[in-house]
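Note that the chains take the letters A, B, C and D in the order they are written out, and that residue 1 is the start of every chain.
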Amino acid sequence: MATLSFTCDYCEGAHPEVLKRLAETNMEQHQGYGDDPYTRSAVQRIRQATGCPEAEVFLTVGGTQTNATVIDAMLPHYEAVLCADTGHIAVHESGAVELAGHKVIALPATAGKLNATTVQDYLQAFYADPTWPHMAHPGMVYISFPTEYGTIYSRAELDAMVQVCRCYNMPLYIDGARMAYGLATPAADITLPELAARCDAFYLGGTKCGALCGEAVVFPRGNAPKNFFTIVKQHGALLAKGRLLGLQFDTLMADGLYLSLGRHADELAAMLRRGMEQLGIEFYIDSPTNQQFPILEPRHRQALEGRVLYEVWQELPGGRAVTRFATSWATTADAVQQLLSLLSNPAAEAR
Amino acid sequence: MATLSFTCDYCEGAHPEVLKRLAETNMEQHQGYGDDPYTRSAVQRIRQATGCPEAEVFLTVGGTQTNATVIDAMLPHYEAVLCADTGHIAVHESGAVELAGHKVIALPATAGKLNATTVQDYLQAFYADPTWPHMAHPGMVYISFPTEYGTIYSRAELDAMVQVCRCYNMPLYIDGARMAYGLATPAADITLPELAARCDAFYLGGTKCGALCGEAVVFPRGNAPKNFFTIVKQHGALLAKGRLLGLQFDTLMADGLYLSLGRHADELAAMLRRGMEQLGIEFYIDSPTNQQFPILEPRHRQALEGRVLYEVWQELPGGRAVTRFATSWATTADAVQQLLSLLSNPAAEAR
Amino acid sequence: MATLSFTCDYCEGAHPEVLKRLAETNMEQHQGYGDDPYTRSAVQRIRQATGCPEAEVFLTVGGTQTNATVIDAMLPHYEAVLCADTGHIAVHESGAVELAGHKVIALPATAGKLNATTVQDYLQAFYADPTWPHMAHPGMVYISFPTEYGTIYSRAELDAMVQVCRCYNMPLYIDGARMAYGLATPAADITLPELAARCDAFYLGGTKCGALCGEAVVFPRGNAPKNFFTIVKQHGALLAKGRLLGLQFDTLMADGLYLSLGRHADELAAMLRRGMEQLGIEFYIDSPTNQQFPILEPRHRQALEGRVLYEVWQELPGGRAVTRFATSWATTADAVQQLLSLLSNPAAEAR
Amino acid sequence: MATLSFTCDYCEGAHPEVLKRLAETNMEQHQGYGDDPYTRSAVQRIRQATGCPEAEVFLTVGGTQTNATVIDAMLPHYEAVLCADTGHIAVHESGAVELAGHKVIALPATAGKLNATTVQDYLQAFYADPTWPHMAHPGMVYISFPTEYGTIYSRAELDAMVQVCRCYNMPLYIDGARMAYGLATPAADITLPELAARCDAFYLGGTKCGALCGEAVVFPRGNAPKNFFTIVKQHGALLAKGRLLGLQFDTLMADGLYLSLGRHADELAAMLRRGMEQLGIEFYIDSPTNQQFPILEPRHRQALEGRVLYEVWQELPGGRAVTRFATSWATTADAVQQLLSLLSNPAAEAR
């Protein structure tokens, strides 16, 4: 049996339809830097899918560069970005936001989510402190949808956050690296247009949702920072062969493919979860999307040794561990069954 | 009765001896940028006072610029600085360290102090996480001596911190904005040479310890980053009339003046504290230096209204408040007596 | 007749072999961030092709981000990078190097090339000026091979530059965005290993030489800045699906493909040039690589109107213009013939 | 005979009146960071002197930090600052503006001055180049008044520059490190209010015009960037004992002292010049302010050896040199006479 990987949602290449179209259009000649018909079409499709006819859309390559570019473009230096202490910009971007000159203020999160009340309390305390002009000013709220723990914000939670942001005149920025999985789960009570209407900027993740690479930054109401094209270039996030990004998003955003990839992955994640629960495995967190966090016993880990790849998030006493299993558009029901089968008969398999 | 201010330790100008020498030497002609006899003499005195004959010393203007310059000079961008969550760089520098491109990692502090164990635990967890190459690397430990809460590290505590830093090959940098008060208190069990021997860089604060402005950055073992002069210039921290800084430190470091100013302020702070305690006032923190943090009742605050200035650090329920009273080289015993007198007979005075 | 584009060397997708292998390996599961067999193989191939068995190789996405990352990683902030005033970092990167905190010092170039004597003269004058500690220090020499004008440095010219760099203890960094075209031309008197032996860092361009995207940064003697992986991440230049870069370079560097693509483009550029010269067209610069700079008359421009795309570099009086025609691995002899045919009979065609 | 220094205009301490008032007010207690009566009074005096009742005024410590702070505050990162190639920010600030992330575009200057036509030509060429979105955008014009060569812009020259700036919607920023000398010379045909009315930001230099340190940044029409106080702090340019700056400017701006200091220095510079010209000494540049640039012969240099300090700006063949002699508020007619006397009888003195 070959090794299976549930390590992450970018273990495979691109969705076959993406690759097919790349091949079909490969020898066409197009201008660079996004001035090509596929990028133009992708922008139109994104405007339609988000219900934002005046949206300004920019295609970038990866998540970290996108976050640093957008945050730096939207804030003066003395403004900080508020986020969950488990947020990607606070943890796994090597200080990219700080490299751009901005403080990241990490607030306590619950299951990966930042609560509107937490933000409000922070802001009240901040402005109640008479020394606030000597501190980095809170300038933006950053949240991930879904979060780094697979959880999602409800419409009510987003509304509460929007309320706080409006009250303090701060933009709300949503990191949608895994947006497809967040919108497609039955647990979601919000659509893409509803989400777009609630924030000032967000990106639709391509890399983790079926593309080889690429993220689509959306300023939903024509509110892109002036000369954002040049800003993207200065941050090293402008791709010469923009067609590579354009064609991928043009494909993903056509015929509901983006959300259907998300739905597929979410369903297999739910299948994985149900199967594990039936085996008595507990979960660290209640995630309705493509990332699942089972707490594995030593016997489980032994059973998977050399056969299944996954991430260990936290070692626990006694050889147990919080782990992460991610599904993607490429995960098959068969693969999940194999995984469950290995877990269900640890002794036999471990021999 | 005139208003008294205990707001901070930079309410007055400079120690009279400093001003006297500024006047005496005013019409002398000297080269700029630290190439003057007073700066040279100050450097020698600092080498002697720190017991570091090979120390490299640079005079800068203020604390925030000094911290940003030193940290940026000593670390590559991807390295972060670890500090107490109450540390000046984490709170009151408006994101100056981040502006220079570095993440500030604020760890939980006790009474303003960062514990070596806290740092060690952080480092162990950091390197145990297999994703650490994707995170900002811990590159330096920053502590304040005394801390923003007036407390000081014992020799044993510093030794423990040094041990952790050596183990992880990280420099230890000490912010000595109020160094005079920290070294002069009877509670200190460490001398300036002993402190210098335990860290990789520190600064002797002038602004808060008798000068009009100025901080003296010391690299105790000739270990200044290459071309630090140019780095200081690029960070906007190089003063044209370097003699202003040189002469001030030449004066402060002569004949033990620096420490004697610290001792004076610490003694008056102790007097203030004893007096308040006798009036039944509780203290938020046990500080042996020039900053004291009494918890004032409404009647106390009323008694001081319009007569005494101080800082409110935290409003408590029922009109009580954690406050800060700072003494300095300029504080007189008479001023402390007036303060205590106002507090001892609130009703009478408040009429 | 369809429109032909000679606008640039990134008008098409990827070389078919690259695309073929992307398709073949698409469903394989691999770890992200360069921890995959194709990246490992690409690194080995690059080590072999450069004759540098100890080279450290990092795959990044695009040229601007690569330059900013490498320069920032190799220099402290107060060090500037010297380059030709026509150099890419000086002109067309929107200030990306400055965003990373470094001054770009543009020196006069001849036909896109920076002369070693120009650099030496600058350095001598710099250090002869007693105020040099107040200036940004020259810290690195950046050259492009081939240059932005298609020209290449001879071995002797490189040797002279290396000599100056060694003398002043400065690294030499080569931007090889179009390296394939520079090495493959018969005019080149230097090989890749010889070039690698002469510099401290360089990159092999993928984007403009057959890949969809990607550049390969090479530190030829194991001299990568410490933790360069994290530096790349912090600069937003780390691709999640590193396999996309790895597989492309693995393909391009196999069986001499990279150089053979360069040779093809250079040959067609020479054909284009000879053809134009026979039509009496003058050239702005004598380029032996894939970029040609004919000076077109109004009748030529009219003849190409709506049929052939190219870049206008400089409008001249009387409707003439310096233009750029770029060939690539994808250019066909037939396309060049069509172009020449249009030019040879302007009147007829312009009807 | 003691050594005389004409090296620069910051060889002495402060104007005696400044020092006198520092001594008189030394023991007063005031709030920090500019919240003191002297700063408030200084701001009022500056508003009056500039004829800008709504001016926003901020006191900073030194020129380099001021330039970096103002430029960074007024421009987004992708905008560059245009200046004379002899401008202070282009040459003598160690890359401070670039450290803040901005490109400095140095244009050819004549006698230290940037011509409006030069700027206009640059801008026209810039926007005529279709690749301009890939370049750092010109965002501001920076000029020095007087320039680094002692020359001044006429009203007509300023008007022409303003015209270009308005046309391209760019602010005009004036570095007034030596403003007193520029306004006080009979050659000036513009007043401070007229200058203030023509630019968007400027600073009145204190350090080089009678203060120990300090510059006064003026946004003449209430057009300071939002939260500029915090921006100043983040850039390390906020002085704790703001009174030191406030009192100095309060003194300098009272009773016309600032301009009278400028006039004194300009008159002595004119005397120095006339005297040298009578001795047959040529001048490198025609400066009407306190900096003079005589071209000294070897016999002159020998005569001054060990007796007079001055700056050598450029060594010429045959031992000649372009030199700089600066006068200040502290220069005496007697000192100038001694200098001229030494030069007039070189042989005798050199014995």
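The working rule: a contact is a pair of C-beta atoms (placed from the backbone, for glycine too) under 8 Å apart; a residue touches a chain by one contact, two chains touch by 3 or more.
Predicted, not measured: the structure shown is a model, and the values here were computed from it.
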Where are there more C-beta contacts: A-B or B-D?
B-D
Using C-alpha centroids, which chain lies at the maximum separation from chain A?
D
Could you please state the distance in Å, as a whole number, between where the Cα atoms of chain B are centred and where those of chain D are centred?
34
Averaging C-alpha coordinates per chain, one finds the centres of chain B and chain C separated by a number of Å equal to 51
Separation of mean Cα positions, chain B and chain A [Å, integer]:
42
When you check chain B against every other chain, which residues touch at least two of them?
77-78, 93-95, 99, 101, 134-136, 230-231, 233-234
Spell out the part of chain A that touches chain C in their complex, as residue ranges.
3-5, 7-8, 10-14, 16, 19, 22-23, 25-32, 61-66, 68-69, 93-96, 99, 207-208, 212-213, 230-231, 233-241, 243-244, 309, 330
Of all residues in chain C, which touch chain D in the complex?
77-78, 80, 91-95, 98-99, 101-104, 128, 130-131, 134-136, 312, 315
Using the touch rule from the top, collect the residues of chain D that touch chain A in their complex.
33, 72-73, 76-78, 101, 133-137, 225-227, 229-231, 233-234
